[in-house]
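Chains: A, B, C, D and E, in written order; residue numbering restarts at 1 for each.
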Amino acid sequence: MRRRHQRRRARPGTSPGTLTIDPGAPKPRIRVTAYRPEKVVEHEVDGVGALRELLGRWPVVWVNVDGLGDEATLRELGELFGMHRLALEDVVNVVQRPKVEPYDEHLFIISRMALAEQHHPTEQVSLVLGENYVLTFQERPGDCFEAVRERIRQGQGKLRRAGPDYLAYALLDAVVDSYFPALEQLHEQLERLEERIFAEPDEQTAAEVQRIKGDLRHLRRAAWPHRDAIGLMLREESRFITPATRVYLRDVVDHAQHVNDLLTTYYELGLDLMNAYLSSVSNRMNEVMKVLTVMAAIFIPLSFLAGIYGMNFDPAASPWNMPELATRYGYPVLLLVMALIGIGLLLYFRRRGWVGRSRTRRRWNKH
Amino acid sequence: MRRRHQRRRARPGTSPGTLTIDPGAPKPRIRVTAYRPEKVVEHEVDGVGALRELLGRWPVVWVNVDGLGDEATLRELGELFGMHRLALEDVVNVVQRPKVEPYDEHLFIISRMALAEQHHPTEQVSLVLGENYVLTFQERPGDCFEAVRERIRQGQGKLRRAGPDYLAYALLDAVVDSYFPALEQLHEQLERLEERIFAEPDEQTAAEVQRIKGDLRHLRRAAWPHRDAIGLMLREESRFITPATRVYLRDVVDHAQHVNDLLTTYYELGLDLMNAYLSSVSNRMNEVMKVLTVMAAIFIPLSFLAGIYGMNFDPAASPWNMPELATRYGYPVLLLVMALIGIGLLLYFRRRGWVGRSRTRRRWNKH
Amino acid sequence: MRRRHQRRRARPGTSPGTLTIDPGAPKPRIRVTAYRPEKVVEHEVDGVGALRELLGRWPVVWVNVDGLGDEATLRELGELFGMHRLALEDVVNVVQRPKVEPYDEHLFIISRMALAEQHHPTEQVSLVLGENYVLTFQERPGDCFEAVRERIRQGQGKLRRAGPDYLAYALLDAVVDSYFPALEQLHEQLERLEERIFAEPDEQTAAEVQRIKGDLRHLRRAAWPHRDAIGLMLREESRFITPATRVYLRDVVDHAQHVNDLLTTYYELGLDLMNAYLSSVSNRMNEVMKVLTVMAAIFIPLSFLAGIYGMNFDPAASPWNMPELATRYGYPVLLLVMALIGIGLLLYFRRRGWVGRSRTRRRWNKH
Amino acid sequence: MRRRHQRRRARPGTSPGTLTIDPGAPKPRIRVTAYRPEKVVEHEVDGVGALRELLGRWPVVWVNVDGLGDEATLRELGELFGMHRLALEDVVNVVQRPKVEPYDEHLFIISRMALAEQHHPTEQVSLVLGENYVLTFQERPGDCFEAVRERIRQGQGKLRRAGPDYLAYALLDAVVDSYFPALEQLHEQLERLEERIFAEPDEQTAAEVQRIKGDLRHLRRAAWPHRDAIGLMLREESRFITPATRVYLRDVVDHAQHVNDLLTTYYELGLDLMNAYLSSVSNRMNEVMKVLTVMAAIFIPLSFLAGIYGMNFDPAASPWNMPELATRYGYPVLLLVMALIGIGLLLYFRRRGWVGRSRTRRRWNKH
Amino acid sequence: MRRRHQRRRARPGTSPGTLTIDPGAPKPRIRVTAYRPEKVVEHEVDGVGALRELLGRWPVVWVNVDGLGDEATLRELGELFGMHRLALEDVVNVVQRPKVEPYDEHLFIISRMALAEQHHPTEQVSLVLGENYVLTFQERPGDCFEAVRERIRQGQGKLRRAGPDYLAYALLDAVVDSYFPALEQLHEQLERLEERIFAEPDEQTAAEVQRIKGDLRHLRRAAWPHRDAIGLMLREESRFITPATRVYLRDVVDHAQHVNDLLTTYYELGLDLMNAYLSSVSNRMNEVMKVLTVMAAIFIPLSFLAGIYGMNFDPAASPWNMPELATRYGYPVLLLVMALIGIGLLLYFRRRGWVGRSRTRRRWNKH
């Protein structure tokens, strides 16, 4: 059915810092946003050279790279910002778990944002926080940062007056918060499935629960490490983060923990639904069996009686041979006996609750 | 069926401190209770201005805000009490997990109280504990603080003689204790369902167990963080909490842990009941199958025999053709053979425990 | 079926220290045991006043209160021994989790002993350890301390020569050890049920496993915190506990951990048995289905054949109409064909293992 | 079926140090092994007195006591080696969990070795490590120390040149390693059962998986604490353990952790097998049901047709009464219709995969 | 079916340092790679003697031993490199869990690499990191180090300029990364099985899921300890690891954690699939049962009616005896009644969703 995008890892044992460029990855598009309280410039640049003159002149320069499909550009960027070869390798190898690594010249942060799209549920966002810049790498265009950009442009709020650490906070906050809509969507689907499971459990319902559980597992693997990574960043007093920003990062840690709580709860709900499904299927089979049993148990003995009197023993040969056949009330008496047996069995099954009652109750539940 | 109230979160990436007011939220109603050992005043105020003159004049001023539906009022309150923009955002965004955050001018505490109502199982209570005031925000009117108010009015006990930290303790205590009646109610429902599961397991029983498990998961997510948050508040020696009150807070931590224990136990009970339900349904199907099998296995061979002697082979055409039909005792002997076969099979099934015994035992269990 | 005794908690928000006396609780009975190495006195006292003169005169005074049904007496006791209002509230509110709380004048310990009785599986024992006294509160008469009393009376062993901390140890030891017989009883029941589950799984077996799992959950909730509470008491160097007694308390921590291990193991066994039960029920249904299928699959085609030759097509009307009926060996040949079909099907089912073999194996297992 | 040996604990509340001798326990047999690098003596002694003269004269004296059935001997030993009353009680009460307790005069270690025998899966080994002796207590003769004894006798390796701490290490190492063969045996049994579960799942298979899971739970309870106990012994710098021996003990901790890993893995395998069993039984029932359904669904309509033409409506009474019976090709046409219906249903069932295909696939799997 | 290679452990209690050589193990093949920035030599040596002259002359000497089948060679190697007897025993006893042990002269590291081969899913790699050498032991030829060798030969990257700690890092990195392809392969198999489970669940599917879960358990046991072991190596500031290499090792810890995350996720997926399988089998049985029930419930009453009119009550004997048989429209009326009953039941079953609808939905799902 649906397949997750398979990324190629480097062969085990290759040199660290080897950039294994995915041939299908989009070419890098570099967008620069430089701002100070009173001004903001925002444009796309063609080469890395154009960045050099901006850096150092503005209090905050945000370089955003969309697409990781060109080794030369990435290497130039890495050189310009003094990135460690392992960090650059992690940027390209987009299957990393979120982490924060302190280097001498900058903080290196890997995070994963949740996407609404089905085939790319999460996308790696690498972030380099330096003295006067923030450098972000994304796998492809389209992200959850539009609101941040708008805040920079508008110049309202604290963002334009604060340093690059506050920008990094704003981006991480957007990344962590991107899980909430994704989770709410899955939760709504699970709640809709829960209703269907008791109304009409079919295989499709089970398959959808399984799919959502798979998505939750995937999101959990991506979201889980954020809390620890950002929490660690808070504890290890980095010179790149001002005390004023720490309060805000504490808030991101809280949100990350909230995401984790929700993931746990929803996954448990998913497990629960599979059990409910199983029990609903069992129940339905029970209903089917009861109908079969009642039908068979009533008519099989009656058919046997009819079979008895359909035998061809010759009454002429012996007075012992089926004398009932020639009695005056043989036929109506037999019909009466059959009716009594049928009604008796029906009453017995009704008393055991196999007929009538259970169905009535179900109908009552719907209203 | 039932749907939990869905709250809108702010879009990921919006500026921290943005107050996303839920248009359906009730307008704020501000109630002030100011007291000293010998006196208490309690009234509703219209605007934030009226608060200004009370603060500082009384040793303890408790400002309670019911309803979060007006941005201006909330901003004014935030300004008056020097609240951080993130704190104010958390007050409005009522899907926070319980936490305690120390600020310079006050302690900021988020907690969730359990409600008896089905569609709003928990409600966020934000609490700001300052030098001489306690400020509480609730989502809507109606809370678990009535007993605390009564204690203030009556002036008995320690409450009126103690500071705002003791009031904060009393409120947190009420919040944590609000889980006990909610949990007891769910526990009673589970125990009632447990009895029904073995007596007459139907789909409604399973659906109710599922619903209660969902409620427990919801309560757990709300209750769980209280213990750690309040425990942290105890460990981080805050200047807003006097040593005398610490003993009391220790007690709240104990109660929070007790709530967590109960949640774990009841959730396990819920899991258990689903298993019991499955096994009960299986068992019942087994009973149904036994009846079908016994009926079919006894009458199918007998019907076959009757079918044999209902065949129309022509005795006149050959002496080999069904000579039994014309024998003297053919019919009664066949009936006897049929009775023997039927009784034999019945005895066999009784020996295997498929007839009689199991039902007797069940009836005995009911008495 | 069985219901656990429901205790009323105080309404959330009531003043700490409010004593919510359960109207059905037995009236307090106060027993005093005072001893020094060479002497012991033991009697019941009517009022709290009588205690005053004993305290301070004996190295160890043990005041045991059975029953919590009278507020005045409890308040007097609390005053005499300088108990904190929260501690006294915890004594009365008998749904506390075990804990140890250091106060200035004494250690306050809450523990729960296991009882053999079904409707009160555990009972709260509150213990106040002071300089020269031990004060214990129990919910009702009857406890696991008889052996300790005997040791005091006999004066053998270390007990009469040691201080009140050693007495407190002896009592806690008795409380923790009270779980072992309760657990062994449940374990024996589980082992008996395990045997029955494979021999004859009926609904009662499942219900009993569920009941025992409920008891284990209850005991676990009561027992679990002992280890941490007493361990904490050991670590926090309290002046009420002499170094000599610490070695003994370490032993109680070990026993508490052992109780926890057993509870975990037995609960897992309980979960296991429910699975075994489900699989056993499935298996039995399989057996039932096989019998039905074999019977039906053999006789249904044979009956069809008999039905064919019971049709009334008129041989006189056409030579094509059932000429077999008038052949010389029609009847015996048909019987032979039927026998061959029946035997063939029987052999086929035997080869698939649906007939005979499985039953033989089961019988062999019993011997 | 099989019952684990039930040991009697002391009644809760009895004096610590009370030795509750199991009347069925074997009488103590004391074996002494004393050695120095160049010499070794090894003999059985009758009374404790004989030990006194050996102690202090040899660098290492190993006193091994097999059997705990005589209080006097144990008390004498306890006195001779200065054992604490609680330690001696733990030696006798052979249901302890592994632990290490430092005393002033020696280290007291309780461990449990795994036995191959079914009714005594583990046996308590208590070990007292003093300045120049090792004292071990076992429940009964027969242990995993034979290889250690051989090493002492042979005098190869480090053992004879090292102190009592190295001997204690060698014994603990033997105890921990005794779990490997026991675990391998259970693992092999589980693997054999796994093969059987898909080939022919019967109740015995399930019961055996349950038994092995029970054994694993028992072993886990016994093995689990070794790692922490010995790890603690390493961390708490005891004067009885030389630095040279610490490296060796680190190895025992590793082995203990390895045992724990294996126990977890095998227990999960056991849980898995029960699920596989359930699914295999379900599958088999499915097969049975398909056969029944195909047989019944094909022949029931055909029998109905035959029944129609077996009715006795009188063609003479009316031309509407079963005129088919007298047509020329009535009988062969009916047979043809029946054959077509039968073949049609068969093809339908074959297309749904209920006939033929599944069986072919299964046969292919076996080769 | 498939059996994992069983290795013989030493008998519990044997002397530490005893080398229990597996008689089937391949003979050791020693390959030496010595390099400095400008040069590299690489050859196979026959005896240990040849190594002596290389050591100390080159900044890095990598001695790789493939095969552990000769005690003398191993002992010589152990002596040459000053290995502890316990370390050497661990090298030979290839069932160790990964660990890092600091010795005075070197770091001793045990790791396990994942192999693609089915019968040897993991292989132990022991690594000794000294001042100027790395010594590695493998169970048999063939490893994941080919890329590392190539990097040494090519002299590109940092490897040839760095010390032995960097080589050790490169090897550990290759070991940890060897799990990724193995895991991806298992994940792909699980995803393929997931699709099959809902399309056509047969026993083989379940057996394969079980097999993959077994492999995941095996890999987990092997992979799990790497993270802690290498993390410990980072924390314990060893003199054999330069600060520059620490950054790289931090990356290996990250990868190890990522492997653990994947193992957890995939194992949960495996558990999930077994549940999905069970529910799919149940569902399919439900379908089968519905067909049986519909067929039986429609035709059994009709056959009974046919049976009634096949009875031989003699109309001549009494006017009450089956007068219908001689009525003008008896036969067609009966056929009509039968048709109405059949159609009525069919409509009833269609309304309950047992006929037609469910199948349509399934077909729709496929497109």
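The rule is short, and it goes like this: contacts are C-beta pairs under 8 Å (C-beta built on N, C-alpha and C of every residue); 3 or more make two chains touch, one makes a residue touch a chain.
Not measured: the values here are computed from a predicted model.
Enquirer: With chain centres defined as C-alpha means, what is the inter-centre distance between subunit C and subunit D in Å?
Expert: 24
Enquirer: Report the inter-centroid distance (CA atoms only) between subunit A and subunit D in whole Å.
Expert: Each chain reduced to its C-alpha mean, subunit A and subunit D end up 39 Å apart.
Enquirer: For subunit D, jot down the residues that touch at least 2 other chains.
Expert: 278, 282, 285, 289, 292, 296, 300, 303, 307, 310-312, 322
Enquirer: What's the contact topology between the chains, one of line, ring, star, complete, other?
Expert: Graph shape, chains as nodes and touching pairs as edges: a ring.
Enquirer: Can you list the ring's chains in order, from subunit B toward subunit C?
Expert: Moving from subunit B on to subunit C and continuing, the chains are B, C, D, E, A.
Enquirer: Under the definition above, what is the set of subunit B residues touching subunit C in their complex?
Expert: Going by the criterion above, the answer is residues 144-148, 151, 156-159, 170, 173-175, 177-178, 180-181, 184, 191, 194-195, 198, 247-248, 250-251, 254, 257-258, 261-262, 265, 268-269, 272, 275-276, 278-280, 282-283, 285-286, 289-290, 292-293, 296-297, 300-301, 303-304, 307-308, 310-314, 317-318, 320-322, 353-354, 358, 361-362, 365.
Enquirer: What residues of subunit A sit close enough to touch subunit E in their complex?
Expert: 1, 3, 6, 9-17, 84, 86, 90, 95-97, 99, 101, 200, 202-204, 206-207, 210, 213-214, 217-218, 220-221, 224, 274, 277-278, 281-282, 284-285, 288-289, 291-292, 295-296, 299-300, 302-303, 306-307, 309-312, 315, 322, 324-332, 334-335
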